[in-house]
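Both complexes shown next keep subunit A, but they swap its partner, so subunit B is in the first and subunit C is in the second.
On to the complex of A and B.
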């Protein structure tokens, strides 16, 4: 039962509006330790510089997409255990299957509510305090 | 994937209905839509010669206040932008024109104003320059958009049959009579 305030989270999405919405939802759940990255490469750099407990990443991003970021995380020893939740669109069933193959912890279909985000995080970490 | 977003297509004209979007790099295609309190965002990359339009009406959020509408809108915008990027557009070259958001019937809430506020804020947040707008007011609009060049044309809708087909507008207010097509921007 992790304290939400202890979950260090990195949000990776190339759309500022989406990052802002995710951050707002996380804050509403008490998850206040958040950082943001606008593409997969930035996200990987940020993680290697300072690990996180959770990465919430979009699939469509320039430079390195969400799937590439997931594979890179799993391939880098020090951060390979980071929990990853992938954001997808409704029609991305094939993507979800590939992400599962690469070790994604959960996925979130857009547009989502704070309650759904909470469910997905709790499925990974257990009930939030 | 693009074909799924076609609501009806007659020749090279593609009509974009509420909740849908369409992108193309075909210079022969004209995108059209009819707007009441909905907003249509037209985006294009002039260098790549690709563009597209969406047509959305934000839900009036109750569970999470304004955030629910923002979520829906941000997702609608993302679908449009992602398909443009897939056609070779670059985010930093995108330009926008915004239409719609009329106050179509009297009531306590002004849905059109909420749609406008979202669209304008989104463009600001994402740093997409807005090259032209026709927003607000009290009448329905018929929009034509040429996605590869960004050219747009608006006509005020006075045809009662067209207004009846606007599902979002249960009781349209009288519109200003204007039979002339107006070239914008």
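On to the complex of A and C.
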């Protein structure tokens, strides 16, 4: 049972408001070690500088989108084992399939509740303490 | 504030930016830009608005954004094509979306009929079956219902990620990652160290477009180890060499694990202007052998041209002459490409740190993966603009891929800082003056320290002012919508062209630009442009053009609003001015002067005061509000061709570089930006016209000589010219005059204090300031003084004292 406090999380979304919302939800779950990045490129830099356990990334971002970020993470040895949860604006089968192909761990449809977020994280790491 | 509420506030702030992005994208699309990047950006903006709206439960907004987004998605995937009609609908939809956002923000609501109508229009863009398939006819909620695709989450143990992996060879990892992950992509052969042989033969056009072979080669060198050989055999003898021809061919051996596409991508911007062969080493030795021969074409063609006129390019020639025979020469002709002879394992420029390279590399490969998801077919048709953009982007970005980081700061804080710095500048000036008066030597430590302080103060001030400088974009971007609405209202077809949106100006100025621009645009559409019928009859296109431009000129910002309409009806304007008693019936006025009559108070040409521009606000009010900012407005017009309003404003309302002068025992400041030169007039150069108006001859040109003391009413008897100093000034309109003052005290930066806010507007005076010694000095309005002298208006009788 992973301790929520131990899950180092990086939030990648181009909207400050969405990042804040996700962070608020994560904090409510006890996940307090969060960092934020404004686009995929930022996120990648942040990960290369300091790895994380979990990346929650939006799909639609400028510069490098969620799929690109996912692929870059999987392609890079030291961080390739990072868990990635992809946020999508709607349940897009094609997109999710593609994300699966690149090795996404889970996906989350916006708008979401803290409970759903918890479910999605638990599906990856097992029940949170 | 409730954290949720504050996040919501952030969201609405983001919406402003998103809506702006969306609109500028749509405007580009209206101009025919169907680049997938542009469409994507618009889609992303609408998508983000919807996403946020979902999070905050803004139902109305979600519903509309959903339909809008769906239509854009169709476009993105190439199922809906961009036409004029489509662009117009999308633009209107963007207006409605903006209204929805505004309504959601203020808790109001949007006219239901308008929304429904707009949704119907949007749906009309997609055919019915498809619309049903996309679930467009339901409200967006259904799409948000989570479906289960049989997705199985990939379980991970928390301990798994390596938090401090040993330093790995990132380049090798990247190379491995460069191989496509997908199964469906043709796997490139990854045999042991394959090499590419690239033959690159630029044509003259490539150089003519300012592309440099060296840059391309440098770019290529980033892909792997390169060995570059230059074939200069096609370079003709000196007397036949044409500097504008291309004679050089490079053969590059590139080893490294790259696909052909990657190699070719380096040449993306120049591929039309060069001969390029990319072959696997060993595969095509025969082809490789060929290039030197083929180059003869160029050479013989150019020999003919060169025989006619052989321009000499000394550098190129020298290079050719001095090149050792055996070694590849430094390129001749217009290609200044020292890298051509680069050492084989060309290392990337050292300035770049390896980490950022890695990110760039990873991104490059990842972008490809995701982009072909989003856009399947829109790209190929329009290689050119895209290439341009990319070239630009690349040129701008260079090695640094990250955008400049920004922070948001409350404007109040910036303003407080600016005020404080303003005071600092005054204080510093006062201190300098005190020290100077105290008789300390210039070389004393105190004086030297003060000098440093002055430099520092100046730097702080510049930096602070730069913080407030903003592109006029924020004002301009509101105008397309205004133009659309006004055009609809008056039944005219109008195309708005905007220029110079990135021109920067102080925030305080920006805020006050909006009203005058709005008014001038309304005026241009309502009065300036003809109706479509009239235009057709006049042999013009039905669609009128209004051009809104911003530019910097002489330390000021100039905003121009030009239309290609009917121009000013001068007889009518004159008639009105006479009938309203604004001018005498027999007044002799130049065309220019007649045009500018419309700025007189109480002048309005509209026969019927229309709903649009005649809201009781005449051009005189616009002029006054601009003058209040230290600005000017004028109009030029050509009958049948159109009119152009130009207004010019100071870049900042806070500080000014000025020349401190004294006249009639007063200390005055003349803005440095107006001053051309200063001189001591000789009595014989000054002439009186009509016994009263003095002119001075400066280098064979006569300009009015204005006695500042008299013009401002400080005294009645003019100063004998020879006992003063003449400061030659130039007004915004280009008019020149010499200001006669008693003495020049020195140059100083002064903090502008509005006179109007504290007293009232005085003709010839722009503002006031506080000098180093604590005295108040008036800042001259040079343009007003010059204009007055030119128009020979009656002398100002008002007396004043400070």
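Simple rule for what comes next: the second predicted complex is superposed on the first by the 128 of 129 C-alpha atoms of A that agree within 3 Å, B and C clash if a C-alpha of one lies under 4 Å from a C-alpha of the other, contacts with A are read in each partner's own complex, and residues count from 1 in each chain.
Here, a contact is a pair of C-beta atoms (placed from the backbone, for glycine too) under 8 Å apart; a residue touches a chain by one contact, two chains touch by 3 or more.
What you are looking at is a predicted structure, and each value in this text was computed from that prediction instead of being measured.
Colleague: Which of the two partners, first being subunit B and second being subunit C, lies in contact with A:6: first, second, both, or neither?
Modeller: Touch partner of A:6: subunit C, not subunit B.
Colleague: Between subunit B (first) and subunit C (second), which, if any, makes contact with A:60: first, second, both or neither?
Modeller: both
Colleague: Looking only at subunit A, is it subunit B or subunit C that touches more of its residues?
Modeller: Ranking subunit B and subunit C by residues of subunit A touched puts C first.
Colleague: Check the residue A:71 against both partner chains and state whether it touches subunit B (first), subunit C (second), both, or neither.
Modeller: A:71 sits against subunit C, while subunit B stays out of touch.
Colleague: After superposition on the shared chain, which partner residues are touched by A:24: those of subunit B (first), subunit C (second), both, or neither?
Modeller: After superposing on A, A:24 lies in contact with both subunit B and subunit C.
Colleague: What is the contact status of A:114 with respect to subunit B (first) and subunit C (second): first, second, both, or neither?
Modeller: First partner only, subunit B.
Colleague: With the two structures laid over each other on chain A, which partner does A:16 touch: subunit B (first), subunit C (second), both, or neither?
Modeller: Both partners, subunit B and subunit C.
Colleague: Quick one: classify A:82 as touching subunit B (first), subunit C (second), both or neither.
Modeller: second
Colleague: Share the list of subunit A residues that count as touching for subunit B in one structure and for subunit C in the other.
Modeller: The overlap between the subunit B and subunit C interfaces on subunit A comprises residues 14-18, 20-21, 24, 60, 62, 89, 91, 110-111.
Colleague: Name, in rising order, each residue of subunit C that touches subunit A in their complex.
Modeller: So the residues of subunit C touching subunit A come out as 3-4, 7-8, 10-11, 14, 41, 43-44, 47-48, 50-52, 54-55, 57, 69, 143-147, 149, 151, 153-158, 160-165, 168, 170, 173-174, 176-177, 181-182, 355-356, 358-359, 362-363, 365-367, 369-371, 373-374, 401-403.
Colleague: Over in the complex, which subunit A residues touch subunit B? Could you list them?
Modeller: 14-18, 20-21, 24-25, 60, 62, 89, 91, 110-114
Colleague: Mind listing the subunit A positions that touch subunit C in their complex?
Modeller: 2, 6-7, 14-18, 20-21, 24, 40-42, 44-45, 48-49, 51-53, 58, 60-72, 74-79, 81-83, 89-91, 93-98, 100-107, 109-111, 120, 123-126
Colleague: Show which residues of subunit B lie in contact with subunit A when the two form their complex.
Modeller: 1, 63-64, 67-68, 70-72, 74-75, 77-79, 81-82, 85, 91, 122, 125-127
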